[in-house]
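These are the structures, in structure tokens.
Across the two complexes that follow, chain A remains constant while its partner is chain B and subsequently chain C.
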Partner chain A sequence: MTAYLVSMLTEAGIYALLALSLNIQWGYTGLQNFGLVGFLAIGAYAYTLPVALLGWPPIAGILCAVVLGAAVAYPMGLASIRLRVGFYLAIVTLGLGEVVRSVIVNEQWLTQGTRGIAVPMMLPELSARANQYFMLVLVLCLIALVFFLFERLGKSPFGRTIEAIRDNEDAARSLGKSVAGFKIRVFMIGAALAAGAGALDAVYVGYLVPDQFLPIITFYIWMAVIIGGSGSNRGVVTGSLILVFFLEGSRFLKDLLPMGYAPSDAQMASLRLMAIGLALTLVPIYWPRGLWGRKEF
Partner chain B sequence: MVLFVQALLNGITNGAFIAMMALGITLVFGVARFPNVAHGEFLTIGAYGAYWCAALVHAPLAVATVFGALLSIAVGLLAYVLVFRRIADRPVTALLVSIGLSLFLRGLISLVAGNGQVFYDMPLWRAWRVGSVRILPLEVGIAVASLIVILITHLILKHTRIGIEMRAVSDNPTLARTGGINSERVNRATWAIALGVAGLAGTFLAAKTAIMPDMGWNLLLPAFAAAVLGGLGSPYGAIGAGLILGLAQNVATLWISDIYRTSFAFVVLIAVLLIKPSGLAGKGEVAR
Partner chain C sequence: MAAAISTPTYNPLSALYADGIDKSFGGSKVLDGAWIDVPEKKIVGLIGPNGAGKSTFLTVLSKFAEPDAGRIISRVEDVTHLSPEALARAGVVRTFQVPREFSELSVLDNMIIAAKDQIGESAWKAIVFPKRVAAQNRAITGRARELLDFLGLSAVSANAAKNLSGGQKKLLELGRALMTDPFLLLLDEPFAGVAPGLVDVLIEKLRQLNERGIGLLIVEHNMEAINALCGHVYVMMRGAILTDGSPKHVGSDPRVLEAYLGGAA
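Our next item is the complex of A and B:
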């Protein structure tokens, strides 16, 4: 039971890091990133390949993930963020997840494709159990750090500027702010954080296959953010807890229903997809602030 | 050379599917100002509608096709009335909501129809041979049917009152309203045309390959790339760009793996945005 709880909390923590990364992009700045899972995958592989195959220390692997995440975000931001209509970023990021996954599947010499690749534990000299606890502590510390940094950032001149850009781009531009420059920087910060979360996710799961990085992950995070409340860091962390509760709860639902009425796994996946879809459809219309949100859509 | 010609021929239907879907996306963008992510699901619904009609009541293929398109229009207009009309003044929300709707519909489709592939009961025709190039009569039929659908859309846009009103609203909504155009009527007509074309595209695509819950979603990125390449909001740009992209995709698979089909569209998308973001036929407003 404890092991299960630790595992779930770690998972919620990784989702929370992703939700914080989306919050700085969407909640603070109004950037629509629908390719979170792409950055997650980039981070996971950027961590695992050097650590598992070249024997780099984990900290170097995490740095590698963060840097690569930001590096991939830069050209994407450059291509789409400078344009006046904000939708281009949404379209481009939507494509990224698919592209990253097809590269992972196809470039087997690098990623071992669908066969997958084992991720070493962070503290190989200790037991698996100790590693589990270590991961939880590490994830919680990182959430605290990121939370603190983002709260500080929100109150800094940089934070004021990006919120001004979100609320009225033309006004910000008329004050001489380089709107595109700020947006690209925020997009890169968020991408770096998402890739870092990917590195942790790789260690947490322990084995990487392309099917871990289905587009639905992105929309899980979106659900956590809009239910928790866009723009509020404590809101999106709460949203991540609700998300894990929902995902695990839907797993238990099957056992609770009487035999014959319980849906099959495939049906359960469909129902989950419908529930997430319904949340993303209805919450922005009828409950735009979510739990703790500071902004209307 | 033979391979190249073969790839071009196969690319025509591929391009027609992308063009039809991009056309719908760009038409809706013209009046509603957001890229509709759920458009792919309307294509899927059309394909399943035609399949159910043909398999359950043994309707002839033509009737089933029309039924599929009507089902797409019905479900899509319902979504418009229930959801998108409420947030007509908030395009950013509309994009997010369209993603939610896309997931919801995909879940619903896979719940009702299962995740497996199903096929139409198509008659088998022997392939024609011209030199060493193989031409499938089915594919020729699909290509011709697609081009007819595109042509009809063109005639509606160009020569009917509602089509001219649609283009007016897309060009300048405020001016169109001042000119006495009923924007609600235009919105519904635009959605209906976009949805009908998507439903037909779904049926044609299903006739060529298979019917599965993800079929529309898989075509979404190429269609977006084509809509951007043609200039968002420009129907003729979308048609031309869709055909070009489809052909280019098929020719490209001579050298790159078929898995990279979508990635190819992605690279085209990025390149267009970097080089000429307003697209081939686009207006300047979207650019820097």
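Our next item is the complex of A and C:
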């Protein structure tokens, strides 16, 4: 049971990092990133390939993931953000998620495709159990670090300016703010963080296959942000906890139902999708600030 | 004697000078050789019937739209192809006809954001040099409070900007523009939507700003305000400058009367 709890907390922590990433993009700046899972996948493979195949130390793998995430975000941001219509970025990022997964499936010489690739433990000389605890501590430390940095950033002139851009882009331009420059930076910061979370996710899961990176992951994170409250860092971290409780809890639901009424696993997966769709529709309408949101959705 | 048609005299030293400005949207030509000359530290009005192209001209002059032809010069620099944010940083700042406050932020934060050259606008420096950022922030906050005081908005400085009245939003927008230290303000109908009782207050504020050395270009329908403020007025008609001169001079020009009456018919 402890092992299960540790595992769930680690998973929630990784979602929290992703939610913090989406929060600085969407909550603070109003950037619509529908391709978070793409950056997650980029990070996972950018970590795993050099670490598993070339024997890089884990820390170098994490750096590799972070840098590659930002490097991929830069040209995407340049191309779509300068068009100044939010939906372009939404379309491009949605496409990225699919493209990345397609590349992973097809470029087998690099990624081993659907056969997958094993991710080594971070501390191979220690037991699996010790590694599990280590991962939890690492994830929690990183959340604390990112939380601290984002809070400081949020209260700084940088944070004020990106919130102003979210509220009214033309007004920010009229005051001499380089709106595109700010947005591209925020997009890159968020992408770097999402890719970093991808590196941790790879180690946490222990084995990478492209099917781990389906678009639904992106919408899980949107749900965490919307329920927790856009623009609030503590809100989206809480939202991630709620999300994992919901995802894992639905697994136990069938034990509570009388025999014969319990849905099959496939039905359960569909019900989960419906519930998420419902939440993404109803929360913004009836509860636009979520738990701790600083702006209405 | 029929009044001569106004023609521009190239004046690169002006705060803002433009000539030969064309702008079309689809098939319709909204600006057709428009020109204007706003000397340093002067208040200039831009009037004309509805649909004459005044707001479009202001949009082009502030570089929120690219002109199809013509040139825009500010203090000798050719700014025709500058981005609106670069022009604003250079000191030519516009306001909007419908106020565009940063709705979720407080009135004070709306003001503070506008200050130029903030160290903490760099994400990196905001994290690494919090003390320097905080020191600069205190200075900026002080200046913002002074300006809010000047504009009579001190009492609402902590309110969310979206909760202000229409007139207060106009004042906030003016204050925000002032925070950027402009030498020229381009005001798009600053009196529209302002309660009648506040018009005189706003006129007085604008006059005081001008006394501090800030030039103003005012697009406006309120002739009372134009007469009270502007030494020089441009009259726009079908995307071109029909005539220019003192408010009194253009007011007695029969073509101006005709333009207004014809426009209304």
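One rule holds in what follows: the second predicted complex is superposed on the first by the 297 of 297 C-alpha atoms of A that agree within 3 Å, B and C clash if a C-alpha of one lies under 4 Å from a C-alpha of the other, contacts with A are read in each partner's own complex, and residues count from 1 in each chain.
By our rule, a residue touches a chain if its C-beta (ideal position, glycine included) is under 8 Å from a C-beta of that chain, and two chains touch if they have at least 3 such contacts.
This one's a predicted model, so the numbers in the text were calculated from it and none came from an experiment.
*Asks:* Report for A:L9: first if it touches chain B alone, second if chain C alone, otherwise both or neither.
*Replies:* A:L9 sits against neither chain B nor chain C.
*Asks:* Would you check which partner chain A:M76 touches, where first means chain B only, second means chain C only, and both and neither mean what they say?
*Replies:* first
*Asks:* For A:A279, using the defined touch cut-off, is the partner it touches chain B, chain C, both, or neither? Pick first, second, both or neither.
*Replies:* It touches chain B, and chain C stays clear.
*Asks:* With both complexes superposed on chain A, which partner does A:V99 reach: first (chain B), second (chain C), both or neither?
*Replies:* first
*Asks:* Considering the complex alone, what residue numbers of chain C touch chain A?
*Replies:* Within the complex, chain C touches chain A at residues 62, 64, 83-86, 88-89, 93-96, 100-105, 109-110, 112-114, 116, 118-123, 126-127, 130, 133, 137, 173, 176-177, 179-180.
*Asks:* Report the residues of chain B in contact with chain A in the complex, numbered from low to high.
*Replies:* Within the complex, chain B touches chain A at residues 34-35, 37, 83, 86-87, 90-93, 95-97, 99-108, 110-111, 114-115, 220-221, 224-225, 228, 232, 257, 259-260, 262-263, 265-266, 269-270, 273-274, 277, 285-288.
*Asks:* Which residues, counting only chain A, touch chain C once they are in their complex?
*Replies:* The contact residues of chain A facing chain C are 149, 152-153, 156-161, 163-164, 166-168, 170-179, 185, 189, 294-295.
*Asks:* What does chain A use to touch chain B in their complex?
*Replies:* 30, 32, 34, 75-76, 78-80, 82-88, 90-92, 94-96, 98-99, 102-103, 105-106, 216, 219, 222, 226, 266-267, 269-282, 284-285, 288, 297
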